[in-house]
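Same chain, two partners: chain A is paired with chain B first, then with chain C.
So, the complex of A and B:
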């Protein structure tokens, strides 16, 4: 499937551009280091754009490929283990991207870090430890976030993609296409940073792919922050194991979940206006 | 032969699972204490005087106001999901994450937050105070 191969190519572009960005980022002064990269480093703004847009492309490609697989009913070609690990690619990708968002260190990222810490901490038994492990203890710098962004989650995303795609690396044509697309998009779409301090009375927005969750947390208790995504993953994962009416029902639940997520996103955007 | 292999596989799996659980327990114990630790903020006399003179000021995540000898301190951490709230025009506070609103005394007015902003415990420290946040 061309979409899957292109998505793999975008992952490679994201990883390589991330490696190129690493020397410019400082865990102790994240926002200042990125402002310097954006404003005072030749091609810095563009390089950051390539990294962000190829990562977003990877997430969108992963989502679109999942829908394509479910639509064409090709999920049965994968063994149950590979299927579940492929489904896990979605949260792993989102966690990798979320780490990148938090590494900005601006007011939106600081707010996102506080919320994500509370969401993680609300997981029974292991929540507090998990929050400390993934995000560091409150008051620490962003080094643990960077470690999991560039290391744990990127490595996991690569392993899961490689297993699913049965290739250690993307093919040359997909990589070239992904690179050219990312280069052009980075020239056209600016990826800006926010202010260091939130303007009084303003509602700060999280990353675009988590706006629905942020909107849900306006109305639902904090555990919704991990229970809602878990529900979707369970539903999509189970689709592989059933046929006929049950498959249709599960897909309808996933579609309803997505519609609800979109509604929460719109609700939040309206509240932020 | 196959029963011996099965036994060894099972033993390895059990040992691995046991090691994983033990590791997770040790790691969890080591890490879970840290976020709960209380934080203290020093409020020297000069800062309290300035807060009194200016009608209040924000210092290290705290709003300090009132007389320097008996200051009133509010923790500007939202009680919903612990974002930093900000003072808004006309008094009161607003949370930038989910839009919770508090009145000037820190009581929740609207939005998802249900509890009032915390008031840290103040202890005399020389001519100033130390605020203790839980």
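So, the complex of A and C:
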């Protein structure tokens, strides 16, 4: 499918641009290094834009491709194992992107880190250890976050994508198109950093793709931070195994979940105005 | 498969994107500051652009020492102007952000916390007295602050009055929403600690930020209400049509108000500024939420000039016993030390007067600004200071030479008018109109405070209030306020200026007749509500209750005290000297007079 291939191309652009950015970023002084990249490094803002926008494009492409697969009922072409691992690509992509967001080190990223630490810690038994493993201990620098952003989750995303697309790398044409699209977007849509210090009384927003979850967490207990996404993944994963009314029911649940997520997103944005 | 047309379209789009990025890159390059990017031992990219020497406040707050963002906030890591200035505090020191500026960790945490509780920030005294005068609370006391008052969605008539006339001076007032008298001052801490920027002045270097507060910073706020800062300078405000009567003494205040010159306070003439006498707890508070100014102020005349009548007021200790950390910090910052055995005088609650030092047999006061030492005379134990019958007098009741007065204030609300509203920082409908028949400067009247001591007083609110259009009362008030007017003279006022002055005794302007058995008073302009009373009086000779003041239990002399005082007045034309034997035991002298056992030509007048 064209969308799937283009998405794979965007992943490659994100990885390459990320490698180009790595020397400019400091785990001990994340915001300072990114301000330097944006403000004092020739073409630094553009390179960061290419990385951010290609990554967002990868996530959007993955989501759109999933909807396309479910709509066209082509999920049955994948073996159950591959299907479940392909579904897992969604949270892996989000975790990879979330790591990038946290690596900004600005006020929004610091708040996001605190929220994510709490959400991880609320997972029974292994939560605290998992939080320390993925995010480091409180007060440490962002090196663990960067390691999992550039290493664990990117590698996982690549492996899952490669298995799903049955290709170790995207084809040249998709890569060129993804690169051209990212270059254009990075020039036309500058990607800004958040405030250095939280403005008094203002609501800090997390990454755009998690606004619905942030909005829900204003009203729900912290365990909803991992239970709600897990519910969606289970529902989507099970679609591959059922037909007829059950499939329709599961898809309706997924659609309702998405509508609720969108509603929480809108509500949060209105509250932040 | 992807079509070639898609590829070409994306290629063109990418080209457009790259061109846009090229433009942004060029802009970034040209707007990039060229200065150093470190200050105060940290990354401070503000100074890549703000490189001009005149942008440096110097001193302890020099750009190189603390950078810009320590006080101005913003984003010191950014190179881009918009990002660097996002979240900036335009008025560093403003109480809204003080915990992140002056009061940030490692700087002035303690002082910033105190200032927030001080009366200059809370103005609770002004709020409670105003609300009491409007009949909204039963007593002139309360903890409500000016900030809370201004935040009210549905303010009462008194709160609207405060919001339009009185709220322009507290420390929360921000630039552009202040009383005319303090335009040019900073906000919060900067109101006192940053040099003033005068209206209309050309842009000037970054003002100095320091602990040496000059009088011009106090003058703005304290040229209103009791006007102590004006009195200290030897100035009193007048109405425009009165200025001519001052002749050569006419002048204009910093904010354009007409004024006349009078004798300045003796401390001012000696070169002492406000902060030379007032302790840090007087000005920044001590962390407690006092209701009125006289509660917060610690300094006393006795702290410097010693106790009256040779007694010990418990106002002295040695530096070894001093625990006040701020005074110790002030000395350290100035590179001064005090031996533990050195004696030091204290304010009412034990704060040391650190610029007053023992010298030989006496004491010297150091002017904080210049370090000049001034011999500080101790109160002598002489006839004038141990006069029987004067035990209750405060120093200022005799040494306050004059006070500004306004005995005819008419305040009305004009619903059809418009006026600046400090609560909303815009002009809003409704206007409070104040008129008077003019100001004057005269020796203060005498009041009896809640603690029983006699102190100077001046008309605080002798007024006709018509707040009916604002939903408030129509009322007449005859209230005097007691305060030290800051017109201290080396020479005390004369005996006659109290014992034979109807004004000093609170009777107002008129003629006293002490020739009969009972004193008599004739006002040329009787008050509308009582013909026995002068229109500018506080009380009258036969008042059942003494006149009320702007504090709980502050009052005029009562009928008995008035007669006792006037009885001395009757003797003064002949017995002018306080050392005269007749005053040694005045009650006995009166008894002898009543029994006819004297040669006094004044006659038998009884007690």
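Convention: the second predicted complex is superposed on the first by the 273 of 273 C-alpha atoms of A that agree within 3 Å, B and C clash if a C-alpha of one lies under 4 Å from a C-alpha of the other, contacts with A are read in each partner's own complex, and residues count from 1 in each chain.
In this section, a contact is a pair of C-beta atoms (placed from the backbone, for glycine too) under 8 Å apart; a residue touches a chain by one contact, two chains touch by 3 or more.
None of these values were measured; they are calculated from a predicted model.
A.B. asks: Putting chain B and chain C onto chain A via the overlay, clash or fit?
C.D. replies: Clash.
A.B. asks: What is the contact status of A:200 with respect to chain B (first) and chain C (second): first, second, both, or neither?
C.D. replies: both
A.B. asks: Looking at A:252 after the superposition, I want to know if it touches chain B, chain C, both of them or none. Which is it: first, second, both, neither?
C.D. replies: A:252 sits against neither chain B nor chain C.
A.B. asks: After superposition on the shared chain, which partner residues are touched by A:114: those of chain B (first), chain C (second), both, or neither?
C.D. replies: After superposition on chain A, A:114 lies in contact with chain B alone.
A.B. asks: In the overlaid three-chain picture, which partner chain does A:42 touch, first (chain B) or second (chain C), both, or neither?
C.D. replies: A:42: touches chain C, not chain B.
A.B. asks: Considering only touches as defined above, state whether A:31 meets chain B (first), chain C (second), both or neither.
C.D. replies: second
A.B. asks: Would you sort A:188 into first (chain B), second (chain C), both or neither based on which partner it touches?
C.D. replies: second
A.B. asks: Taking 74-82, 110-118 or 272-280 from chain C, which overlaps chain B after aligning chain A?
C.D. replies: Here chain C runs into chain B along 110-118, and the other listed stretches stay clear.
A.B. asks: Return the residues of chain A at which the contacts from chain B and from chain C coincide.
C.D. replies: 200
A.B. asks: Going by the contact rule set out above, which residues of chain C touch chain A in the complex?
C.D. replies: Touching chain A from chain C are residues 1-2, 6-7, 10-11, 13-22, 24-25, 28-29, 32, 43, 45, 73-80, 83, 86-87, 96-97, 100.
A.B. asks: Chain B touches which residues of chain A in the complex?
C.D. replies: Residues 107, 110-111, 114-115, 117-119, 121, 125-126, 128-129, 131-133, 137-139, 198, 200-204, 214, 217-219, 222, 271 of chain A touch chain B in their complex.
A.B. asks: Can you list the residues on chain B that touch chain A in the complex?
C.D. replies: Residues 24, 27-32, 34-36, 39, 81-84, 86-89, 94, 96-99, 111-112.
A.B. asks: Taking the touch rule as given, give the residues of chain A at its contact with chain C in the complex, in rising order.
C.D. replies: 2, 29, 31-32, 35-36, 38-40, 42-43, 45-46, 49, 173-174, 176-177, 179-181, 183-188, 190, 192-193, 195-197, 199-200
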